[in-house]
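Have a look at these structures, which come just after this line.
One chain, chain A, appears in both complexes that follow, with chain B as partner in the first and chain C in the second.
== the complex of A and B ==
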C-alpha cells in the first residue's frame, strides 16, 4: 500500500517535470503570437482551475463566485500601480493576501450553508462586488483602468514587444498551483478536506475540525486565484469589472476542473488544455461574425462531457491504465 | 422623498415581485420534485419571450392571447429537455450535483448560442400590444397596465397550481414523487413520466411569465441571465422546493428591489436583493419557509 502510494507520487512528479520541460520548449518552435496568446491563457486557466479545485474539488465547497478573488487581484495590482506607482509584484502579493482574508471573512458565515444555498451565496457575493466596482468612480467604474505603460522589464512586469515572459510566468504559476495541490492533497489537510467533502457530519464526529479546514481551503484557493487575476491585469494591461469580475470568469475557473476531473490532481490541467484552445479557436474561426456558433460548440461540449463522463475526462486515462496492468 | 413616491415605488415593486414569483415558480417546482436546480431557467424565459415575439410579428397575435400558446409550447420544450438531457444527468454515479449544474448550464449556453445564431443579438420589442404602454391611476399612483395584468396572471397561476397539486391525480402523483420517488415506483407510477410532466409544467409557468414580460421588456439572447439570478434568490428565500415559498419570495424580492432603488443609484438596485438573500440565509440557512 505504502509502496504504491510512493510510486504514485513519484510518477506524478515525473510526469509534471516532463510536461513542464516540454511546455517550456514549445515557444522556441511556435513563434505565432496568436498561438502563444492561447498558450498563455491555457496555462493561466489551468492554474486558476487548479486553485478553484482546492476549495471546490478537494473540499467539496462549490464556489461559483471565484471571479471576486480574480477581480480583487487584478484591481489591487492595477490600482496600486496606476495610482501610486507601486510595482505589480507587491500588488500581486497584496491582492493575494487581501483575497485570502476576505475569503475567510466571507467563509465565516457562508460555510454554515449547504448545497445550493452555498452555491447561490457565492454567486450573489461576487455579483455584489461586481456591481460595487461598476459604480466605484475612484476605481474607474465601468470604464475600468488602463494600466500605464512603462519600460519593458521584469521589475514592472510589462512586456509590450513579446509574449514570452508572460508565457513563462504563466507556466511558473501553473507549476506552483500544481505543486501546492500536490503537496496539500497528501497532507493532513488533504485528508480532512476529502472527509469534509464526503460526509461533513461523520468528519466532525471523528475529530476533523470541519470549519477550520474549509477556511484553510478557501484562503489558499483565494490567494492563488488573486495571483492569477493580478497576472491577467498585467497581461492584458486594461481591466474593467466586466472583464475581470463577471460571473463568466467564475465559470471559466470551475469548468476545466469539472471537465477534466473534479478533485483530482490532473483534472484541471487536462480540462484547460482541451477547453481553452477549443473556446479560443471556435471563437476566432467560426464565431467571428458574432453569431453564437462558438457558444453552441462550447455548450454542447459541456453537456456531452457532463453526461458521458461525470467523473471527468481523467477517467479515460485511469481506465486505460487499469486495463494495461491487468 | 415624499410619501407618494414611496408608495408609488412600493406598488410597482409589488407588481414586479408577483412577476418574479411567477418566473421562479417553475424553478421551485422542479427543485422540489427532484432536487435539481435548472441553470437554464433564465434561457427558458428567453425562449418564451422570443416565441411571444414571433407569434406577434408573424401572426399578429397579441401577447395576452399568446400566453396560453407560449405556455403550451414551453410545456413541450420542458418535457423534451427532461427526456433528452436531465434524465441522463440524474443517472450519473459520480458528482451528481456538479453534473446537474453543468449539464443544465451547458444547455443554457447552447440555447443562448442558438438564439444568437437564429435571432441575431439585436434587441427586439413588441411595439403595439393591447396593453403595452398604458397606465392606470389609483388615487395618484400610476401603475403600468402590463405589469398589473402580469401580477393578476401570477396570482391566478399560483391559485390554479394550488388546486392542481391538491386535487388532481397528476398533482398528487407529483407530491408523492417528491416525498418518496422509490415508494412511488412500487405503486406503479412511472417516475420518469412524472418528472417529464413536472419539467413540462415548470417550463409552462415560466412560459406564461415570458409572454407577459415580452409586453414591456426588451427581448435579446442574454435576457434570461439577468432574471435567472433573481429567480434563484427568490426560490432560495422561499426555501428551496416550496412553490408557494417562491410566491412569497417573489413579493419580498420585488419590494426590496423597489426600496433599494429609492436609496441607492438605480444601477445598484439588485444589491439590496442580494444583501437580503445573504441576511436571510445567514440567519435561517434553509430560507424563510424551508424546514430546518
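== the complex of A and C ==
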C-alpha cells in the first residue's frame, strides 16, 4: 500500500511534466493573437485558482475576497514602477509579501468566524479595499494607473510586440503554483489543513494548532495570488480598481477550483481550462451588450456540476480508481 | 509514586449548574481506570477538562507533575494526552491512513516516517486492510477503532477514551476491549469513560464513580459493583437496601 501512494505521486508529476511540455509547444502552432490571449488568461486563472485552492480547498476556508490580494499585487507593481521606476519583479515579490501580511492581519479576526460568516467577511473586506482604492488619489483613484511603456525586455517585463513571453511566464507561474500545491499536499501542512477542514475539534485534539494552520494557508495563498495580480498588471499595462479588484475576480479564482474539484491537485487546472475559454468566447460572441452572460454560464455549470458530480469534474477520472481520494 | 494525571479540587460551573464539584482524582502510570456514573454525573465534563477543551472554573490539573490546567488541547496532545470523541469525529474526506497520519505528524515531520508509523498503528488496531478507504466508508465500529488508532499515533502517555465501547455489538465490544488492553500493554495509561458496566468492569484496574458532580466512590471493580452507594446512584435507593 505504501507503494500505491508513491506511484500516485510519481504519476501526478509525470502528468504535469507532460502537460507542461505540450502546453509549451502550443504557441508554435497557434499564431492567432486572440487565441494566444485566451491561453494566457487560462493559464493565469489556473494558477490563481490553484493558489485560491490552498486556502479554500485544502484548508476549507472559502474566500470570496481574493480579488483584494490580486489587486494588491497589481497595484504594488504598477505604483512602484510608475512612481519610482522599481522593476516589476521587485513589485511582484513586494506585492506578494504585502498581501501575505495583510492576509494574516485579516485572518486574525476572521478565522474566528466559521462557515458562511467567514465567506461574508471576505467579500465585505475586499469590497472595502475596492472602495478605498477607488478614492485614493495618489494611487490614481478611479482613473487608474497607466503603466509607462519602456523597451521590450524581460527586465522591465514588458512586451508590446508579442504575447509569447507573457504566455511562457503564465505557464511558469502555473507550474510553480501546481508544484507548491503538490509539495504542500504531502507535507505536515497539507495534512493539517485537510484535518482542519474536515473537523477542527478533532484536529485540535491531535495536536494541530488550528488557528496557525489557517494563517499559514492564508499567507501562501495570498502571496501567490498577488504574484498573479502583478503579472496581470504588466500583461494589460493599465489597471484601475474595477479591472483588478472587483468581485468578479474573486469569483473567477474560486470557480475553476469548484468546477474542477475543490481541494484537489488537478481540479483548478481542469476547471480553468474549461471555464476561462468558455467565458472569453461567450463574451466576444455576445459583445458589449452581453455583460453578465458569462456569469450565467458559470451559474449553469455550477448547477450542473452540483447535480452530477458534487466532488467536481475530477471525480470523472478518479471514479475508476477505487479509494483514490484526490 | 507520582501520579501521571492528577486533578486537584476541580470545579466546573455552567452558569448555575455545577457539573463538577471539588473533584480530586489521580491516575497512576500503567493503569486502566474507568470513569463511570449515571447520566449527568459530570463524567464528560471532567473528561473535557482533562483533554483541554475548556479550563476548569477552579482547581488545577497536573500531568506528569506539570500544571496543564490552562493549556489548550493541542499542547496537551504534544505533552502526551490523546483522546477519542464520544460522537466519532473522523476526517471524512480523507482516507483511513491519512486520518492516522495527522496524528503521527505531531511526533515527526518526515512524511515517510509518519506514513510508516500510521500504517503500523493501523495494523495494531486491525484496520490495515482498510487503509486506503475513505473514512466516510467505514462502518461504525471501524470508525471507533480509527478514533483510537488516530489517538495512538500521537504516541500518548495517557489515552482518554470517551465511550468507545458503547453501542457496539458484543463481538465488536470484545475486539475493542482487546485493543484497549493491548494499548495498555505497550505502556499507555488509559482513562475511560463508560456507560456499559458489564464490559468495563472486567477491563479496568480501578473505577472511579461520579454522581451529581462529585466522586462517589473509587476502588477495585469487584468492590464497586457491590457498593450500596453505587447501586443506589444507578438504580435508586430501593435496590441498594435489597443488596
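What we mean here is this: the second predicted complex is superposed on the first by the 307 of 326 C-alpha atoms of A that agree within 3 Å, B and C clash if a C-alpha of one lies under 4 Å from a C-alpha of the other, contacts with A are read in each partner's own complex, and residues count from 1 in each chain.
Throughout what follows, contacts are C-beta pairs under 8 Å (C-beta built on N, C-alpha and C of every residue); 3 or more make two chains touch, one makes a residue touch a chain.
On a predicted model such as this, the values are computed, not experimentally measured, just so you know.
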{"item": "Superposition-derived comparison: chain B or chain C, residues of chain A touched", "value": "B"}
{"item": "Which of chain B and chain C A:203 touches, first, second, both or neither", "value": "second"}
{"item": "Chain B versus chain C as contact partner of A:116, first or second or both or neither", "value": "first"}
{"item": "First (chain B), second (chain C), both or neither touched by A:4", "value": "second"}
{"item": "Touching partner for A:195 - first (chain B), second (chain C), both, neither", "value": "second"}
{"item": "Overlapping contact positions on chain A, where the chain C interface meets the chain B interface", "value": "none"}
{"item": "Touch list for chain B against partner chain A, complex", "value": "31, 37, 85, 88-89, 92-99, 101-103, 105-117, 120-121, 221, 225, 229, 232-233, 236, 240, 265, 267-268, 270-271, 274-275, 277-278, 281-282, 285-287"}
{"item": "Complex contact set, residues of chain A against chain B", "value": "62, 109, 112-117, 119-121, 123-125, 127-128, 131-132, 134-135, 247, 251, 255, 258, 262, 290-304, 306-307, 310-311"}
{"item": "Of all residues in chain A, those that touch chain C in their complex", "value": "1-2, 4-5, 186-188, 191-192, 194-195, 197-199, 201-210, 263, 323, 325"}
{"item": "Sites on chain C touched by chain A in the complex", "value": "51, 53, 72-75, 77-78, 82-83, 85, 89-95, 97-98, 101-103, 105-106, 109, 111, 114-116, 119, 128, 131-134, 150-151, 154"}
